Amino acid sequence: MKGNEGKQMKVMLRGAIPRLIAGTAIIALSTASLATGVVSQAGASSKVTISVAYAANTTFDTTPLGLTWWTQVKKEFETKYPNVTVNLDAVPGGEPDFLTKLALLYHSTSTAPTLAQFPSTEIALYQSTGYLANMNKYLTTTSWFKSYPKVIQNEGKIGGKIYAVSSGENNVGLYYDKSILQKAGIALPWQPKTWADIISAAKKIKAAEPKIIPLWVDAGTSAGPNGAGYGILNLLAGSSTPTIETSSGKMVVSSKGLTQTLDFFHTVFADGLGAPTSQLFSPNNAPNIPSTDFFKGTLGIAVGANFLGGNWTKQVSFPYWAKASTAMGVAGLPKINGGGYASTLSGWDYGMSSTASAAQLTAAGEFMNVAQEQTNLIEAGNWAGWVPPVQSDWTVPLYTNFAAPFNEEFGKLLPSSSELPSNANYNVWVQGIEEASGNIAQKPSTTGAQALATMKGFVTNQLGASAVVSLP
Amino acid sequence: MTQNDSASTSGVATALLSDEPIRPPENRQTQRTLARRLTLHTILAGLGILFLAPMLWLFLASIDSQASWGIEWPHFSLINFRHVLTGSLLHSLWNSVVLAVISTTIASVAGVFAAYSLSRRRIPFKGPLILFIIFSSGVPLAIMVIPVYEIFSRFGFLSILPTAVFLSVTSLPFEVYLMKNFIDAVPTDLEEAARMERASTFQVLRRVVIPLALPGIAAAAIFGFVNAWGSFVVPLILISPANQQPAPIAIYTFLTLPKAQFGNIAAYSLIFCVPVFILYAVSSRLFREGFVLGGGVKG
Amino acid sequence: MVSSPVVDTITGPSLQDLWKTRHDKTRYQWSSLGLLTPTFALLILLFLVPMGFAIYLGLTNLTLIGPTAVHSSFTGTENLIRLKGDATFWSSLWVTAIFIVGSIAGVVVLGYTLASLLMRATPWMRVVVGGIVVISWMMPAVTAGMTWYASTTGNGTFGTLLGHPNANLLDAQPLLVVTLASIWSMTGFSMLVMGAALRNIPSEAIEAAIVENASTWQRFRMIVLPLLRPTMTAIVLLTGLLALANFSLIYIMTQGGPGNSTNILPLYSYQQAFTYNNLAYGALIGNVMVVIATVFGVFYVRITARRL
C-alpha cells in the first residue's frame, strides 16, 4: 500500500518530530505514488495489493462458512485479475469487539483496509470521520446496484454520494412453533394483527404449557448495538412514534412510541411471558439462542431475525433440524394497533478506504463486482443469514430452497422494514434502550415509565441536553 | 535449632512449601489440641474445596465431548485437546510465547541493572526514585492503553513486537522493586572482595550478585512473565493483525461466538494455564534450594 | 566492619534506612546512572510520555471515529465539567470503591487464615490446599473470569453446590460474585507473603505468651498483629492497586453489566473510549484512576515511614 501514504501524511501525523520524518518521506513516497498511478492508469498491468477486512466470526453463521465464502470469492477474483493480490483480514471477535477493532484499523493509515464489510449502522460514523471513499464512479456500470430497492440503495447515500453498498440485509419477523400454538388453542396459520394479539397468544401458551418460554424478545446489552435491532427496535418501529432520530439529528429520549414499547416489555416480563435472563444476557450471541430453544421445543414464539431460519440447515447446524420447515411458522410482526407489519432494516455493507490509491480502489470495485455476482450474493445471503439486496433474487430457487420457507417469507416481509439510523450518538442511545429493556427483564416489576425515565436520564447525561429531544 | 534457622532466612522464599511446620511443644499434646487440629484441618479442607470449585468446570468441560456452560457429568473424550492444538489456535499460543519471552527478557535485564544500582550505589534522589517506582507499579493498565494506542498508531507500531516492549514496561517497576529487595539482602562482603580483585561492575554482577540474588531475580522474572502471558487488554488494543493475537484474545473470541465450543474453550484454557503452573513448580524448587544466601560468606 | 544492616526482606528497608548515610561511601557515583539508563529510558518513553499524553488527551475532544477522530482540538475544562455531571461516572466510582474494599478485606482475612492454619497443618494438607490456592492465584485473568462465569450462571458449580442448579448467581448479585472472584484470584499471593512473615515471628515470643496463659486472641493482637503490620500494609496496598486496575476478570464475566452494577472505572473508561468512541473522555476517566492510585501510594509511604 505504498502509494496512499504520500497523500495521507497530513492526516496521519501531527507532531513536530513526525513532521520531519514526514517531510522526507513525502518526497520519497510521492514519487513512488506517481509511478504506480501512471502505470495503473495505463491498463492495470502492474501489481496492486488490496486488503479486505471482514468479521471472521460474527457475519457468517459459522466461521468456516465465512472462510469458505471469502476464499471462494478471492479465488474467483484473483483468477480474473491476476495482477491483483487480495489480503483477507479476518477480524475476530463478537460484534462489539469487531467494531472496535475495525475502528482501530481505520485509525491508522498503515492498517486501514481497502475494502471492509461492516454493519450499516456504522456508515455515517465512518463517513463523518473521513474514512470512506466516494464510490459513485465504481457503481455507474454495475447492474447489481441498479436492481437494489431504493431504500437499500439509500442506505449508504450521504449528501448525494454513495459511501457504502449493501451486501445483505436483515429484517425481523415472528417465528412460532406450530405444535405448541396448536396445543394452546391458537388457530393456524397464526398472524397476529396487533400487539395485544401477541400478548394474548403468549398468555395462552403459558396457560397451556407453563414450562415453556412463551415469547422471546431480545433484551439487555450483551449482544451489542445489533441486539436491539433484532429485538426491541422492531416493536418501536411498529409503535405510534417510531422515530429514533429527528431530521435535525437529535435523539428521541421520550415519546409515545417509546412508552408503548417499554410498556409492552413490562407486560411480557411481569406476566412471566419472556425468556430468562440467563439466556437473554448470554455472551454467546443471544439473538441466535431461539433456534436452539425451538429445536428443543421449549419456546413458543420469538421475535427473530431472518437468519434464524438458516440456523436449522445442515450447512449451519445451529442446530440441524430437518423438520424445521414443517414444525415452524413465520408471521409478520404487526404494528401496535394493526395496519401492517413493521421491522427494522439493517445490513452489512461494503465500504472503501479514502486513503487507498486509485488503482487499489478500482481493484476493490472489481472485487465487489465479483462478490455481488448472483451466485456469490445469494450464497452469502444463505450462509450469513441475509436477504440479498437484489429483489429478483428473493424468488430464485438457490435462495428459497436453502432455508425453506423462511428465506422466502422474510424476502416478502422486507418491503415493510425501515432503516436504522447511523450517527455518532446512536451507540449511546441504543445502549440506553438496551439497558432499559435489560432492567425490565431482570426486574419485571420495573414499569415502562420507570425504564424510560432511566433511559432518558442516561442518554441525556451522556449526550448532553442539546443532542436529545422529547416527542409528545 | 534447625527450625529457627529456616525461619530466619529470607522471607517469601521459604514460605513456598517449606517442609517444617511449627509444632507446639510436646508436653501440650492434650485432647484439646487434638480436637483443635481436627477443626483446623476441616476448615482447611472446606476452604480448599471452595477454592477448587470454580476450577471444576474447567477440568470437566475439557474432557467432555459435549460440554456446555453448566456443570455435568462429562462424556469422556480427549477430542477437545486434539481440536485446539491446530492451526490458528496453536499460532495464538505461539504469539503468547513470543510476547511473554521478549517482554520478560527486556524487563529482567533492565531490571537487574536498575535494582543493583538502586541497592548498592549512592545515587542522587534515591528516595524519590523508589517512590516513583512504587507509584508506577500501581498505575492501572486500562488507562495507559489509550495514549499508548494513539502514539503507536502514529508510528505504525500496532504489532506484536512493540507491544512486547510496552508490556515489559508495565511490569518493570514492580520487578525492580522485588529484585532490589533481594539484592539488598545479599551481603556486600563478597562484592567488596571482588572489587579488591579489580572486578568490573559487570563482572561483579555476573559472578557475585546475580547468583546470590537469583531466587529474587527469578521471582521477579516469573512475575513479569505471568504478567505478559495473561495480558488481555493490552494486546486487544495494541495488536492489529489478527494473526499476531495472543491466546487470551483467542479465548475471548471463542467465548462470544454463537456456536461456542465450550469443550474446546476449556481445553484450550487449560493448556494456556500450563506454562504458568510449570513456572510455579520451578520457582518453588528454586526457592527451596536457593535460599541459602548466607552460605557464600564465611560464618 | 559490620555488613549491611539487618533488613526485612519482605517489605524492604524503611525510608529512614534509605536516607541513612553510609560512612564507607561518601561520594555520589554518577557512573551508576549508566546502569539505570535502560530502565529509565523505557519508563520515560513508554510510561511518562503516555501518562503526560493521557493528561493532555483527557482535555481534548478526540474520538475513535467521527469528525473529531482525525482533527481534534484542545477543549480545556469541557470534559471535566462533563465528568462532574456524569451520573454513570459517580456510580462507577462507588462500585469501584466497594469492589476494592471488598477485595482487600477478603484477601487479607483469607490470606492470613490460610497462612496461619497451613503452618500448623500436615505437610500433605499444606501441599494440596496450599497448591490449590496458589494455582487459583496464578491462573490468568481470562481463564479465571471464564471459569467463574461458568460456575455462577445457570447449571454452574456453585448453584449446584448450594442446591439450586438453575440459579443464576451472577445475575442475582453481580458485584458480590465478581468481588468473590477477585478475592479468589488474589488470595494465593497474600497467603504466601503472610506465611513468610509468620515464619519470621520468633517462636520464643509465641512460647512465652503461651506460658503466660495468653489466649489465642491475645496472642494474635499483642504479638502477631504488630509484627505482621508491615506485611499487611504491603498486601493492602498491592491488592488495592490490583483491584483498581482489574479489567479482564470483570470484562469476561459481565462486561460491566447488568446495567452498571459491575462497571468499575477501568471498564467504564474502556466503554467510553471504545464503545462510545470517546477516546478523550475515556482517557480522562483513566486519569482519575491514576489520582486514586497515587493517593493509595502516598498512604502506603506514610504508613511504612512511621513503622518502628
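Chains: A, B and C, in written order; residue numbering restarts at 1 for each.
Keep in mind that, in the parts below, a residue touches a chain if its C-beta (ideal position, glycine included) is under 8 Å from a C-beta of that chain, and two chains touch if they have at least 3 such contacts.
Quick caveat: nothing in here was measured; it's all calculated off a predicted structure.
Engineer: If you tally the C-beta contacts for B-C and for A-B, which one comes out higher?
Structural biologist: Between B-C and A-B, the larger count of C-beta pairs in contact belongs to B-C.
Engineer: Hey, which chain ends up farthest from chain C, C-alpha centres compared?
Structural biologist: Ranked by distance of C-alpha centres from chain C, the top chain is A.
Engineer: Compute the distance, rounded to whole Å, between the mean C-alpha positions of chain A and chain C.
Structural biologist: 40
Engineer: On a C-alpha centroid basis, what's the spacing between chain B and chain C, in Å?
Structural biologist: So the centroids are 15 Å from each other.
Engineer: When the centre of a chain is set as the mean of its C-alpha atoms, what distance in Å lies between chain A and chain B?
Structural biologist: Their C-alpha centroids are separated by 42 Å.
Engineer: Out of chain A, which residues touch more than one other chain, so two or more?
Structural biologist: Where chain A meets two or more other chains at a single residue, that happens at 104, 107, 283.
Engineer: Which chain B residues sit where two or more other chains touch them?
Structural biologist: Residues 237, 252, 255.
Engineer: Mark out which residues of chain C touch at least two other chains, giving numbers and ranges.
Structural biologist: Correct list: 149, 153-154, 274.
Engineer: Per the contact definition, I'd like the list of chain A residues that touch chain C in the complex.
Structural biologist: 11, 96, 100, 103-104, 106-107, 122, 125-126, 128-131, 220-222, 276-278, 281, 283, 424, 427-428, 431, 435, 438-439, 442, 457-458, 461-462, 464
Engineer: If you look only at chain A, which of its residues touch chain B in the complex?
Structural biologist: Within the complex, chain A contacts chain B at residues 12-15, 18, 56-58, 61-63, 89-94, 97, 101, 104-105, 107-108, 110-111, 283-285, 288, 318.
Engineer: Where on chain C does chain B make contact in their complex?
Structural biologist: 3-4, 7-13, 15, 18-19, 22, 25-29, 32-33, 35-36, 38-40, 42-43, 46-47, 49-51, 53-54, 57, 62, 110, 113-115, 117-123, 125-130, 132-136, 138-144, 146-151, 153-158, 160-161, 165, 181, 184, 187, 192-193, 195-197, 199-200, 202-203, 207, 210, 237, 241, 244-245, 247-248, 251-252, 265-267, 269-270, 273-274, 279, 282-283, 285-287, 289-290, 293-294, 296-297, 300-301
Engineer: Which of the residues in chain C come into contact with chain A in the complex?
Structural biologist: My answer: residues 63-67, 69-70, 82, 85-88, 149, 153-154, 168, 171, 255, 257-259, 274-277.
Engineer: Which part of chain B faces chain A closely enough to touch in the complex?
Structural biologist: It is residues 149, 153-156, 158, 236-237, 240-242, 245, 249-250, 252-253, 255-260 of chain B that touch chain A.
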